[in-house]
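Going by the order they are written in, the chains are A, B, C, D and E; count residues from 1 in each one.
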Amino acid sequence: MKLEILLAVFFGGSLLTYLLGKISKRARDILAVLVLLFATAGITSLYGKSSTATLYTGFLDFPMVLSIHPFAWIFALTIAVVGLCAVIFSWLYIRKKGRTDFFYFMMLLVIFSMIGIVLSGDFLSFYIFWEMMSWSTFLLISYNRGKAIAAGMKYIVMSVAGSLAMLVGMISLYTQTGTLVFEGISGSLNSASSGYLQFILILFFVAFGIKNAIWPLHVWLPPAHSEAPSPFSAVLSGVLIKIGTFGFILLIYGIIQVQVFVNLGHALFNVRNLLLLLGAVTILIPTFIALFQDDAKRLLAWSTVAQAGYIILGIAYGTSESLSGGTLHFFNHALFKSLLFMVVGAVEFRTNGVRDLNSLGGLIKKMPVTFVAGLIGVCGLIGVPLTNGFVSKWLIYHTLIVNHSPFLAFVALLGTWGTILYSYKLIHHIFLGQLPRKYEKLQAAPVSMKVPMIFLSLTVFVFGVLPGLPLHVINLSELGFGMEPLAINMWGVVTGSGSIQMLNIATALILGGIVLWLFFRMGPKNTRADQMDNYAAGAPVPADRYQYSVKFYDPLTRMIAPYLKDIADNFYSALARGIRNAGNGIRRIYTGDVGNYALYIILFLAILIFIQLYWKVW
Amino acid sequence: MVNPVLFIVVPLGLAFAIPLLKYISKKIIRFVPALAFLFNLVFALRLIPVVMDHPVHVHIGGFIPPMGINLVAGPVGMLFVVLIALVGFLVSVYAFHPVKEKYEDRYHILYMLQLTGATGVVLTGDIFNLFVFFEILCLASYSLVAYLGNRAGIESAVKYLIQGSLGSGLILIGIGLLYGQFGTLNMADIAGRIHSVQPVSVYVPLVLFITGFGVEAALFPLNAWLPDAHSSAPTTISAVLSGIAIEVGLYAVLRVVFTLFGISNMMGFFLVLGVLTLLIGELCAFSQDNIKRMLAFSSIGQIGLLVFAFSLASTQGITGGFFQLASHTLGKALLFLAAGYMITRTGSMEIASFKGMGKTMPFTSLAFTIGAFSMVGLPPFMGFPGKFMILKAALHDGQMLTLILLGFILIATVIEGAYFFRVVQVLYFAGDDLPDRERAPAAFSRLVPIFLFTGLIIVLGIYPSLITDLLDASALELLDRPGFIKSIIP
Amino acid sequence: MRKLISIILLGIVATGLFMSISQIPFGEPGERMGDHFIREGVKETGATNIVTAVVVSYRGFDTLGEVTVLFTAAMGLGAVIGLVRRKKTHPVIEPASLIVYTGCRFLFPVILLVGTYIVIHGHLTPGGGFQGGAVVASAFLLMYLGCRGKRIRENLSRGLESLGGLLFILLGVTGLLIGGDFLFNFLPLGEAGTLISAGIIPLIYLAVGLKVGSELAGIIDHLIENTDELSE
Amino acid sequence: MEIIAGILVLLMIASAIAAALFKDLMNAVIASCIVSLIAAVLFYLLQAPDVAMAEAAIGAALVTGIFVIAVKRTKRFEE
Amino acid sequence: MNFLSEYTYYIGAFSLIIIGLYIILVKKNLMKVIIGFSIFDTGIYLFLITVGYLREGTAPVFSKSGLDAGKMVDPVPQALVLTAIVIGVAVLALAVILAIKIYAHYGTINLRKIKEQRW
């Protein structure tokens, strides 16, 4: 399957879905899924191949090149799979909302541009697909009006700033090396001074950092995720965030060879240390902010920011083990985070729009399958063994500890501790606890939503038990970057200082489970106490009174909240206010009085003449 | 191979003929401007291949250049003639719908004279002739700004007139000084003799020209007239003013700076002036809530960007500048036409009143969005190659000052993105309480130009190499001063 | 405060101008484009009044531009006024005193004659289209101020205007067809000094005089006629 | 010859300043008419008969006529 | 003394220009500003003609046969001024009409009060 055919058919398909939508809604839904299936099949057929193809040379005689290599293959496959599940999920979710054709067209356009970014072989096509992704995401974020408009505005302004920084970076690379194609640049970049490389890195750091929501640049993510329609937030936080990661890997490992990157800049101000520090901060602060969130999607959004921190740690560390840890964590995070968003989306769909954790509860009886999917997703998020999160986190911890950076390891562990807390809050508030009266007649999630959820939970398990599958492909990509691959086998990783074999862990857990089950069966049964006879002195206690999943972690919140105001957010709103005031101030120049305007003209003339009289400039 | 003088004479003749045509039939008057500029467009396009290798020189009255007036139809001139004819033709098609019932013929005459003046400024090779055509352009613009006769129109026209004629007076003094110094009025002749005189004595005329033409080209301190004039003029006129009049003013400044005086050490000043204009234009536009005023301030911003691009004084910079100029002309004309058409529907110019226009006028709002995206410089549209080339030239230039100014340009572009996307959001996503505007039958004559502009913006965005060779030739003509002089004064 | 600022600025501008003036000596015969016109002016164009030769044939395009400027001003004036033509009769006009009335009626034809003389002899003696046209217009001004109620018919002045303009352009275009250059002097130059000489220059100046006279009269008519009720 | 020119120039400047300072607009219009008349005479002294005629006919007569009509239509006194 | 006699016309022209500019910048009344423009233009025309003047030159018209071409004043500035005067009239006529319409709309022609179009 040639690359440009894949992209052309994909784009044509998305256009067709839009037009078909005008005719029949059913046909459009099916076509959307077909297009995505075609894309997934196309990408899987490209497994292991490395090929390039020039797409278009009309643009100011810069060639637009497409190229596939194992590293890009992982990203493309993840995007396609998550996109497919999201579109299937949104069949029912979007039906009763307005402008459905627009939604499907934009959804397919976002996925198309992401795959385009991942497959692009030169900076020009990379930038063009990047911009198309930006403005189609903008249109999707502001899709359901109301608060979404402010979120969309914040997103588009930051992404325009980011892409401009990237444009400048890419063109200065062009002036330095004379070409925009990645191979050409990496080939002739070794002559560049380290100062120039740092300048380029800073520019690209801003562009990818905004997309990757690294700590100071993450401000747009929480409002964008919580306001966007759920299927799209699944794609948004599952995969779209990771395009920044793809950019980082491409830049650090693909273009500026990793050895150069590691010892770039003198001891103190070393770009790698800066990135690691920011990764650590990105893990810490958002995790604890996530604790306070009462809106399910906002909680998940903050958790995405936190998990991105892990990935940045993995990538910025520079060893092959850390890279594979980071990439694997990206892969796993995409799976379980989109799963979690789908769970919340299903709940939201059924309770038509309720996302407030305090008013949900006890849905385990009504939506068992969603509960199981949510549980598995949360386990993946925390990194419980037998789920894929465990393997990638282990790899990251292993590299941090083995390579003597205790501070980062401590931060990572603290982060995981926080993750456990807010994940439990999520599961508990939605599924456990007392079922409020108004949800008595709640049905389970519809089939079209259950299928993607079940599929994603299976993948979380399969890659948890058999991490070898993704790791093998990651090894292939590391070979591409010229780094020595990890020693892996189907069940896990074997390294000099400790290895993990999922086979042993799985058997141990299963045996433990059986033993536990036996104890439970034979042990004394506890009696079932009727709810009514309790300490309320016989007065009937309304069921809602038992609703105790309200304001979880309140004491912890009161303790930490004062220190964790979101400094970055205040900074940006202050910046926006500053620009608006400056605008109003400068507007005052045009006073409306013609005398002043004539004075300005003569002033301009006098200044020019004065320059000549005084300094004999010319 | 048509004689370039006809590009000025045919529209002028038709303008003179309109009062007589009125006796024959009132209705055909609307089609006369469209006919004139179609003629210009077709023959200008046919002339471009000829002009690409050698500029066409026309001697008025048969006298050789230093004695008589000559027209220089070089690549720069022809680029502008094509732009003027294209925008003129499409806007006149837009104006088939009667702007104001009475005085229909006067509107069309003034409109044709305005564009004839612009074509004259662009083609002439003699500074006094440049002044006369510049005056025609300004005078027609003053009357057209006041055309609607409402309170805002008259006030803006008076202010525009006072500033404009102050500028023209300064230009006239400059011409007097140059004639006193060199005894000739032909641009190439003066350019040849400039370096025979020690520079101090030639500095004052240069400054007078920059100020005089700068008023029309909307450089920073001189552009106080632009927001009022563009927001109170009729739609078609603000489209022409923003699309053509400022660019022609900028052309005049360029011709003075590059060809006439050929100075190089003032470039730093122009770089700073351009970025200052850009920042102020974008900041003021950010805090506007009247859509035409916002577009007017964004024109000021874009002119600042153009001045920055041209003052890089490298072939790449000037080619990028010309491309961005063409994209601004087409983009801004599209934005004003689309906004104007929507204003006729909403009744008020406030951005808030455009809520939910995405549903009632889907095609126009789509066109407006494409125009806005092109202005911000998003890839598939024409703004992107323009900004791309300017950034390439600036980075190629590499001095510290240029890089700092580049930072400011990026900030300004982000601000520009902010206020354009705000309008797009109001169009499509604002408010569920849609005012119940039924979808009136769209006036065909108003949608055709909007579609053609959008098509052009997309095609040139995807395949910019279509016009880059013409732009390279014009950049060469501007920079290669001795070649220009030798081609006119053998 | 504004006075002080403008005085300072104007001071700087004045010094700048004076600095550049000192380069141009007053009255010294530098080498000028004008010397060529003086030497070959009569031979090339046949007009004895060199200024007219320069205005019409050497720099004819300027004059075409010039006439367009006046045409734009007249059209602009008409558009801005949004003239609502009231009925012919003015409600009450106390007639000017008898002496002024008869004086005007007597002077009007004389001024007209002087004006046309100036226009026709443009290429021989000082004067020409612009000056003659202005004199004719001042004759009409006199008529308006002197004796009320007299109006030139609107479409007559409009017709004359566009006729003059079209004549000018037609002469230019025929010059282009015959001689290859716009405004080429295709008629025989005739013997300098006589009335019928200097090719198309008198014709052009006639067209210009016609146009300028009717245009300025039109402007005056608009100004006086304009009633001050709002146009919209 | 020089003295006449000098006097005329002084007169012209004086009437220009008067035009600036007069509160009554009609006086200012007349002052500006004097300026252009003297300018016409100066043009004559500078051997430019064409321009003198044009300045006299247009500058002095028509422009002043237009200004008088304009002052008639608007306020007579400044402020 | 010879400086004055040398540059009388230049001094006259430039003082007119400066006074005209002063009126435009300082005066509040729109009619006064328009009068300022008229003075400013007259100053420019005077300057243009003085540039083309020759000491003891004769007018560039061959009315009599005996005139020699050497001592003639330069005709080109005169041609320019002819055109510029008519442009000046056109602009002033438009300015006056606009002043009248401003008065009809605002009831005043004090520029400090006509400030609706700002910011």
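Everything that follows uses one rule, which is that a contact is a pair of C-beta atoms (placed from the backbone, for glycine too) under 8 Å apart; a residue touches a chain by one contact, two chains touch by 3 or more.
Computed from a predicted model, the values in this text were never measured in an experiment.
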| item | value |
| --- | --- |
| Neighbouring chains common to chain B and chain E, by label | A, C |
| Per Cα centroids, the chain farthest from chain D | A |
| Pair sharing more residue contacts (C-beta pairs) when A-C is set against D-E | D-E |
| Closest chain to global C-alpha mean, per-chain Cα centroids | B |
| Chain of greatest Cα-centre distance to chain E | A |
| Intercentroid distance (Cα basis), chain E paired with chain C, Å | 16 |
| Chain A and chain E: spacing of chain centres that average the CA atoms, whole Å | 70 |
| Centroid spacing, where centroids are CA-atom means, of chain C and chain D in whole angstrom | 19 |
| Inter-centroid spacing, chain C versus chain B (mean Cα positions, whole Å) | 31 |
| Multi-chain contact sites of chain B, meaning residues that touch two or more partners | 128, 132, 135, 139, 142-143, 146, 149, 154, 157-159, 162, 166, 173, 180, 183, 185, 200, 203-204, 207, 227, 284 |
| Per-residue overlap in chain C, given as positions that touch at least 2 other chains | 2, 6, 9-10, 13, 16-17, 19, 21, 24, 32-34, 37, 49, 51, 58-59, 62, 65-66, 69, 72-73, 76-77, 80, 126, 128, 130, 216, 219, 223, 226, 228, 230-231 |
| Where chain E touches two or more other chains at once, by residue number | 9, 17, 21-22, 24-28, 30, 33, 50-54, 57, 59-61, 74, 76-78, 80, 82-83, 85-87, 89-91, 93-94, 96, 98-101, 103, 105, 114, 116-117, 119 |
| Which pairs of chains touch, using the document's own definition | A-B, A-C, A-E, B-C, B-E, C-D, C-E, D-E |
| Chain B-facing residues of chain E, complex | 17, 24, 30, 33, 37, 40-41, 44, 47-48, 51-52, 74, 76-77, 80, 83-84, 87, 90-91, 94-95, 98-99, 101-102, 105-106, 114, 116-117, 119 |
| Residues of chain C defined as touching chain D within the complex | 49, 51-52, 118, 126-128, 130-131, 134-135, 137-138, 141, 145, 216, 219-220, 223-224, 226, 228 |
| Chain C partner contacts - residues on chain E that touch it in the complex | 6-7, 9-10, 14, 17-18, 21-22, 25-26, 50-55, 57, 59-63, 69, 72, 74-80, 82-83, 85-87, 89-91, 93-94, 96-98, 100-101, 103-105 |
| Residues of chain C defined as touching chain A within the complex | 2, 5-6, 8-10, 12-13, 15-16, 19 |
| Touch list for chain E against partner chain D, complex | 4-5, 8-9, 11-12, 15-16, 19-20, 22-23, 27-32, 34-36, 38-39, 42, 45-46, 49-50, 52-54, 57-61, 73, 77-78, 81-82, 85-86, 88-89, 92-93, 96, 99-100, 103, 108-110 |
